[in-house]
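Structures incoming, each one as structure tokens.
Note that chain A is present in both complexes that follow, paired respectively with chain B and with chain C.
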Partner chain A sequence: MTLQQILFIVISLVVLGSAVLVVTTRNLFHAALFLVVSFFGVAGFYVLLDAGFFAAAQVLVYIGAISILFIFAVMLTRDVITAQRGNSQWQAAAIVAGVIFLIMALLLGPFSVTIRGREFGNANWPFAMDGNAIKAAPGNFVGILGTGLVDLNQYGVPFLLAAVLLLVAMVGAIWVARELRGREAERAAAETAVDDADMDANQPVQEPLPLIETETHEAHDSRNAAATEKH
Partner chain B sequence: MTVFEVINNILKIVGDAVAAFIISILGAGGLADFVIMLLAALIICSICAVAFMGLTYAERKIVARIQDRIGPNQAGPYGLLQPIADGIKMFTKEDTTPAEADRWVYNLAPLVIAVFALLTYAVIPFAPGVVGTNLNIGVFYVIAVGSGSTVAILMAGWGSNNKYSLLGAFRTVAQLVGYEVPMLLNVLPVVMLAGSMSLVDIVERQTLSNGGNGIPFILMAPLSALIFLISGIAETGRSPFDLLEAESEIVAGFHVEYSGMKFALFFLGEYVNALAVSIMFTVLFLGGYAGPILPPYVWLLLKVAAVFTLLMWLRGTLPRVRVDQLMSFNWKFLVPMSIVNVILVMVIGKVFVADAVLAQSNGGIAVPPIVQALILFTSSIALLLASLLLVARQARQLRLVEAEDIEKRVAQNKVAAAKVVAQ
Partner chain C sequence: MRTDFAFVAVMMLAAVLLMGFALVGASILRPKKPSKAKLETYECGMETVGDAWVQFRVQYYIFALIFVLFDVGGIFLFPFAVAYNSLPLYAIVIVILFILTLLGSLLYAWRKGVLQWD
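Showing the complex of A and B:
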């Protein structure tokens, strides 16, 4: 076994292990940290593939953004450490993940499947990067990648699909938040009567303070004078 | 090889000799390469640790002078042994852990912060041929690694299970994520002018010898240099942007619960990061090791020392900014100005081309490099002045509106008072 293979196996174990821990650990904060480890491992894969640009982008975009996720996890969740709720839809999620994994394994792995007379699989991956171009100019990976991302014969379509994925995630997040807002309002109405701990959040909004409190000495004095007159 | 050449390249000669020695023992191959890289990493990390000790001493002395004090003067001559005394103190201190702390996260955080701080030094060119690794995405790598410290600070803030720590960590995210934007935007003009993201190439473009024109980028993009320095200070969390550890507000922020060597690691991370920002400023804008007569590494050392002294000077002089000022200064002033600056450099770089061959093939007016630099410099300064003027006018209008408001209120009060008197 070469050094590269050993490194690949070690990094794979780290990535897969921490990915499993992300979904199994109960502590949200730890889950986010395991996600960081997993992403870091993926950056390691890119380094093994001599794709330094991807590795740096992975670290910058994902690990930099995870910190924001931390903040939301802490701010939007009650009792982050002790929360003991699971996801009720985990079976559906597992099925979808399994199907997607199978499709990807079919497309990328050493298998092929024939649908309507067209063969999909190993050799016929429709969006292939020009391997010969990379071999011809090993230093120019970034340039080849750039053209590969906009060329429809190479990675143009998957790149656009990734953007759609982000859109779907955003729409999903908004939907979940709207759903929750309706329920939260009902629950909050029921809870305010009993739950003292929530008092702070549900207190009526105070009138904003005036920008500058001006009470000139003159006015103050005259009011005092008025007060004394009444006496 | 003349004596001068030997002195100029002493680092590279010694390094090559050590590498040759290791290969002679282990034989050429993967193992020898691995050992050589390990040794290089060890040397770079040790240099950082030694620099950390020197910097704490220098900073304490210089800031003391600014504040009309003497600074450390008891341990050794001129207090020179103070860092060692501090080290002994740190080692012998009790290592405490808060009772309800998230132990793994709490203990891992200082390590992560120190590792991310040291990773930057892998790509910095110290002298011609003396660089950990010449990545073709060097600048990008430095910024990517810099973003890792945000996670480490959050880990510390969370793991300590302390309100003030968590508050400090939240502030950190807002500040570090925010100031990353102008920092990136102002590295971009340098990358465009140099035509490369490799730090070695960027330095070579500013030297006279290897295909460069000897003009440091601070003269071609002075506004970028200024904003890079400001956002760099904010990224390292030093005064006047030290909101993440503001002692008077949130005790010491994310590292309030740490003691002993763990605290020392945070301290190390802070100084190593500040040094990295000074080195990056030197490499990107001041020409790195480029300079006449003196050996390259001496030039780098001198320039970095000058930039770090500037950082200490700012620390000793400026008061801490408020959190809303910090945010509005970044998003409403630095970021828009940086975007305009990037567009400006982009257009001028395409219209006035310093390379005659490029001008012919890509279009544009061929001018000598010095003229291009002059045009870039003038437009940058003009942009800075214009933005300052705009902001000043805005502020003046705001003040006028406020003054009017005050006058109105005073008048109302007078009427009210008159009514009271009348009653």
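Showing the complex of A and C:
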């Protein structure tokens, strides 16, 4: 066995093991941390494939940003400790994951399946890059990627669509978070009966928010006081 | 390229070994006299009240999301920067469009007041 094969097996074990732990651990926060380990392993795969830029992108985006987003999302959920139960929809998730795995294996794997005279598989994959440009200049992979990214004949339109996608993600998340914040405030100040319609209206939120936030702090204080009494 | 990353592997191994030697060596050398006071979270100061697992505020999530947005944007811009010398003018126009779209999302967040920490 060459060193590369040994490294591949070790990294695969790390990725698969931590991925299994992500879905089996009962603690949501631990699951998020195991996901980081899994992402690191995938970065290792990119290194083995001689794609250093993708390894760096994996670490920067998936570990540096998306995992942090997951961890914040876990921290946002109330009752992180009491929420240490299994996912009630794990069967559906397992089926979806299996179907996606089959599709991916069919698309990327070295085999094909013939259904009703039509061949599905790697041979007919229309999106596969031939990689000739990279073979011609192996050292300048990132430069070729950059040239292709802004070339309208190659990936210029997907590049701009990516920006639009990010914009839409931003707008959607702000919308959801405003709703969340409204619900949070509503929960905190249930007796004051905050009108939720005010929160949803498309007007600047400077006036109502400070009031609501003070309510939240009071709610926190009262909860802490209750905890002290319990102790 | 791949051999460059061997340094990363060596550094990771060194980090693990360093911490491992320190912890294992300490556990061999140190006297073991456990007491309740040693299990306290803080050596001095106030006793903590309540649970450390409190609910985070939604604003942290929004800020993390804006960070993801510009992180991905930065990753997209990196190959462009590498290829900058050999690019025609219209490519730079495309990149400016890309950046303006991202800035538009920042402007949206700003206008909606989510950048304000209240």
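Methods note: the second predicted complex is superposed on the first by the 124 of 231 C-alpha atoms of A that agree within 3 Å, B and C clash if a C-alpha of one lies under 4 Å from a C-alpha of the other, contacts with A are read in each partner's own complex, and residues count from 1 in each chain.
In this section, a residue touches a chain if its C-beta (ideal position, glycine included) is under 8 Å from a C-beta of that chain, and two chains touch if they have at least 3 such contacts.
Keep in mind that this is a model prediction, so the values were computed, not measured.
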- Query: After lining up the shared chain so the two structures overlap, which partner does A:M170 touch, if you call chain B first and chain C second: first, second, both or neither?
  - Reply: second
- Report for A:E186: first if it touches chain B alone, second if chain C alone, otherwise both or neither. neither
- Query: Looking at the overlay, what does A:V36 touch: chain B (first), chain C (second), both, or neither?
  - Reply: first
- Query: Of the partners chain B and chain C, which touch A:G52 in the superposed model: first, second, both, neither?
  - Reply: both
- In this superposition, the partner of chain A with more touched residues, chain B or chain C, is C
- Query: A:T147 contacts which: chain B (first), chain C (second), both, neither?
  - Reply: second
- Message: If we overlay the two complexes on their shared chain A, which of chain B and chain C does A:I63 touch? Say first, second, both or neither.
- Response: first
- Query: Of all the chain A residues, which ones make contact with chain B and with chain C?
  - Reply: 52-53, 57, 60, 64, 66, 68, 81, 139, 142, 223
- Touching residues (chain side chain C, partner chain A) in the complex: 1-2, 4-5, 8, 49-51, 53-62, 64-69, 71-76, 78-84, 86-87, 90-92, 94-95, 97-98, 101-102, 104-105, 108-109, 112-114, 116, 118
- chain A partner contacts - residues on chain B that touch it in the complex: 30, 102, 104-105, 135-137, 140-141, 143-145, 147-148, 150-151, 154-155, 158, 166, 170, 173, 177, 180, 402, 405-406, 409-410, 413-414, 416-418, 420-421, 423
- Query: Considering the complex alone, what residue numbers of chain A touch chain B?
  - Reply: 3, 29-30, 33, 36, 52-53, 56-57, 59-60, 63-64, 66-68, 70-71, 74, 81, 139, 142, 211-212, 214-216, 218-219, 222-223, 225-226
- Spell out the part of chain A that touches chain C in their complex, as residue ranges. 47-48, 50, 52-53, 55, 57, 60-61, 64-66, 68-69, 72-73, 75-78, 80-81, 139-140, 142-147, 149-152, 156, 159-160, 162-164, 166-167, 169-171, 173-174, 177-178, 180-181, 184, 204-206, 209-210, 213, 220, 223-224, 227-228, 231
